[in-house]
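Encoded as structure tokens, the structure appears first; notes follow it.
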Amino acid sequence: MDPANSSPANSNPAYNDPRYQAGWHKLAEVDGEQGQRVIDSLQGIAPDMARYIIEFGFGDIYSRPGLDLRSREIATVAALTALGHAQPQLRVHIHGALNVGVTPTEVIETIMQMALYAGFPAALNALFSCREVFAERGVSPA
Amino acid sequence: MDPANSSPANSNPAYNDPRYQAGWHKLAEVDGEQGQRVIDSLQGIAPDMARYIIEFGFGDIYSRPGLDLRSREIATVAALTALGHAQPQLRVHIHGALNVGVTPTEVIETIMQMALYAGFPAALNALFSCREVFAERGVSPA
Amino acid sequence: MDPANSSPANSNPAYNDPRYQAGWHKLAEVDGEQGQRVIDSLQGIAPDMARYIIEFGFGDIYSRPGLDLRSREIATVAALTALGHAQPQLRVHIHGALNVGVTPTEVIETIMQMALYAGFPAALNALFSCREVFAERGVSPA
Amino acid sequence: MDPANSSPANSNPAYNDPRYQAGWHKLAEVDGEQGQRVIDSLQGIAPDMARYIIEFGFGDIYSRPGLDLRSREIATVAALTALGHAQPQLRVHIHGALNVGVTPTEVIETIMQMALYAGFPAALNALFSCREVFAERGVSPA
Amino acid sequence: MDPANSSPANSNPAYNDPRYQAGWHKLAEVDGEQGQRVIDSLQGIAPDMARYIIEFGFGDIYSRPGLDLRSREIATVAALTALGHAQPQLRVHIHGALNVGVTPTEVIETIMQMALYAGFPAALNALFSCREVFAERGVSPA
Amino acid sequence: MDPANSSPANSNPAYNDPRYQAGWHKLAEVDGEQGQRVIDSLQGIAPDMARYIIEFGFGDIYSRPGLDLRSREIATVAALTALGHAQPQLRVHIHGALNVGVTPTEVIETIMQMALYAGFPAALNALFSCREVFAERGVSPA
């Protein structure tokens, strides 16, 4: 997933921008193939949105010092569970959490805890998304 | 904040229940004085709600293995920021996060990241709650 | 609170409309003085909004057969608790619930149950609104 | 649906706990086969979550005196409609409402009223979930 | 789509009511065939809900002077994107926006801007709904 | 409000960045003094958040062609009304809407329309914020 070889990078005039490059590498590190798929899926409708996710989301925010990537992904899984309307993004970030070293058990604990703050339905729907991702990756909680 | 000496414990028939005791000690560890205040504030209107926060929230959920308290508080700060309607609880858990070793910078990074998932207004309002808690405790980000 | 004597009715060309009259009487029955205050507060900024609350909210919806007023107010207290951003309206409808025969205990039980569906913060903030209304009316749960 | 014969009860060390037993019987009374299905669906991913739904949700909250089961289900249908992101749980509780004696018309009236508090889209999507449940059970509003 | 020839109008005692007629014509102007489909879909479950959408939604609100239809549809697309739980209604109103002269680019810009206020997931899910509607109509942003 | 003379610009290493400069001028054009106040209020707690609002919010998004500023502000007022938890930001953007030529009546119509999509409480609370802003500026709907 090198930015020089992938379609959004090639077609994007911002390609040589350091924010774009930093964001692209961070996105690849965190979300891997799933992140690439989100970026690709935007090319036909709103390619600049893909660029903002890379530049602002991953180049600016996820690249900041002060909070390690494991904690960032735990925070994101918690928030997407609590919001309730973001199942596709939650699945991407459950992949992301596992990619950066959060354990399957930690993902499940984070989601279960959300029952306290956002209610059981939000936590249940997130657990069912989690089960799909775990099945796809062949992992399971300890 | 020993359960034997504090009002909710004394007036509560569940006092000797091990879930209640475990929850009480976990609540004291995490939320300290601010947690006590929430419990006290419920005595006149819904004392069983205080009991459920202690038993289910802290005895069942926060006492689970599999996710350390630092990560649990980062998840909670993320979720309460994203929900947007829970400023009093967010302030309690910013205290809680700092109590269990999350740094002021990590709290701010967690909140800032929420701009990506819940929008800038939710993140801004959480930062203003954060500023209040930091002022009260005399801490500041590095 | 006869519509003929109150400002919104007098200044409103819809006054003789049967939907408006039915709505006005239903609003008076349910929300009493607090409902009147909401209607009055809209006169300087959006008087037609007051008219729609009366005509559509109370003339069309609350006047429908098929669900008694007690159940309607329990449903409304539940929803406003769960939404989290509607404390002023929740206070009006806690008054409304008590006005149509919901007991203080039933109001509190309805709110506490919302911890399951919308999380503890939403339920806690609603309980604190409830405490204010109960204090104002001098009532308390059994 | 006796707890002694069903898988979650058998595999669960909490089986003899009175809270668990009370919760299990209340869940069976309210949500019946649909509740069983939710509990079963959690066994592979987060079995303790199933236990908390039984113990806290149904053993603690739904078993409380002070609000009858019909009113509790009306409150839940209202809240799940208003939240908007909980269609699977809404369908379970439309079954639950009908199981404890709420009429089909009362379910529809509760949902329609939510247009006032959470907007028409939330109410419409809930009505479409309602139509599915009614079709499955072969019931219809009067 | 004349109200005299279409099922909801024929079966509805409110058919000759001027609010109903005004609303019906406004709904036809804005949402066209998609609006008709929503109205039809409610006939078997809650026909009065269809009537309220026509009378209150389109007869009262969308028929008001003071804000042109283009601006009204931009506001609606923005709100449905931000709410996150209303994809079917968002698709209807993307059709509606295009019907009243909002350009495909303006629809996309409105949705993209929501990333600032409701977060990237809400904006992304709305863009994917947008892509479906654009494909159905054979339009694309400039 | 020239970026060369105001504190965030001076203390900010990004000052000469064209995105920052474009964003700063756009923020000044749209939100004026109220926008400046938001930026200033972040200096003690999260100055980079202020920079992101300027660079991403106003430099990237609000500076895009394809949707005029009047429409952008109508979309923002609609979304902040619908979200319900963002009253401070809504007040800033009611100022912003009026600054770029949206009339007071158009602001009110946009907010009232949100009753359809987010419910009456969200619309009412926004109208009360609107009344404050109108009073502060000495304007009123026609």
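In order of appearance the chains are A, B, C, D, E and F, and numbering begins at 1 in each one.
Here is the rule we use: contacts are C-beta pairs under 8 Å (C-beta built on N, C-alpha and C of every residue); 3 or more make two chains touch, one makes a residue touch a chain.
All figures in this text were calculated on a predicted structure; none of them were measured in a lab.
Peer 1: On the document's contact criterion, could you list the chains that touch subunit A and likewise touch subunit C?
Peer 2: Touching subunit A and subunit C alike, sorted by label: B, D, E, F.
Peer 1: By label order, what chains touch subunit B and subunit C together?
Peer 2: Chains in contact with subunit B as well as subunit C: A, D, E, F.
Peer 1: Can you check which chain pair, B-F or A-F, has more C-beta pairs in contact?
Peer 2: Higher C-beta contact count between the two pairs: B-F.
Peer 1: Look at all chain centres (mean of CA atoms) and spot the one farthest from the centre of subunit D.
Peer 2: Farthest from subunit D by mean C-alpha position: F.
Peer 1: Return the distance between the CA-based centres of subunit A and subunit E, expressed in whole Å.
Peer 2: The computed centroid separation for subunit A versus subunit E comes out at 32 Å.
Peer 1: Express in whole angstrom the distance between the two chain centres, defined as the mean CA positions of subunit E and subunit F.
Peer 2: 26
Peer 1: So how far apart, in whole Å, are subunit B and subunit E when each is placed at the average of its C-alpha atoms?
Peer 2: Comparing mean C-alpha positions, subunit E is 42 Å from subunit B.
Peer 1: Residues of subunit E that touch two or more other chains: which are they?
Peer 2: Residue numbers touching two or more other chains: 48, 52, 56-57, 64, 80, 82-86, 89, 108, 112, 114-122.
Peer 1: Mind listing the subunit D positions that touch subunit C in their complex?
Peer 2: Going through subunit D, the ones touching subunit C are 56-57, 61-62, 64, 66-67, 70-72, 74-83, 86, 89, 103, 105-106, 108-110, 112-118, 142.
Peer 1: Applying the document's contact rule, which stretches of subunit B touch subunit D when the two form their complex?
Peer 2: The touching residues are 48, 52, 56, 60, 64.
Peer 1: Tell me, which parts of subunit C touch subunit F in their complex?
Peer 2: Answer in residue numbers: 38, 41-42, 44-46, 48-49, 52-53, 57, 80, 83-86, 88-89.
Peer 1: Show me the residue ranges of subunit B that touch subunit F in the complex, using the header's touch definition.
Peer 2: 83-85, 108, 111-112, 115, 119-125, 127-128, 130-131, 134, 141
Peer 1: Spell out the residues on subunit A that touch subunit C in their complex, using ranges where they run on.
Peer 2: Within the complex, subunit A contacts subunit C at residues 82, 114-122.
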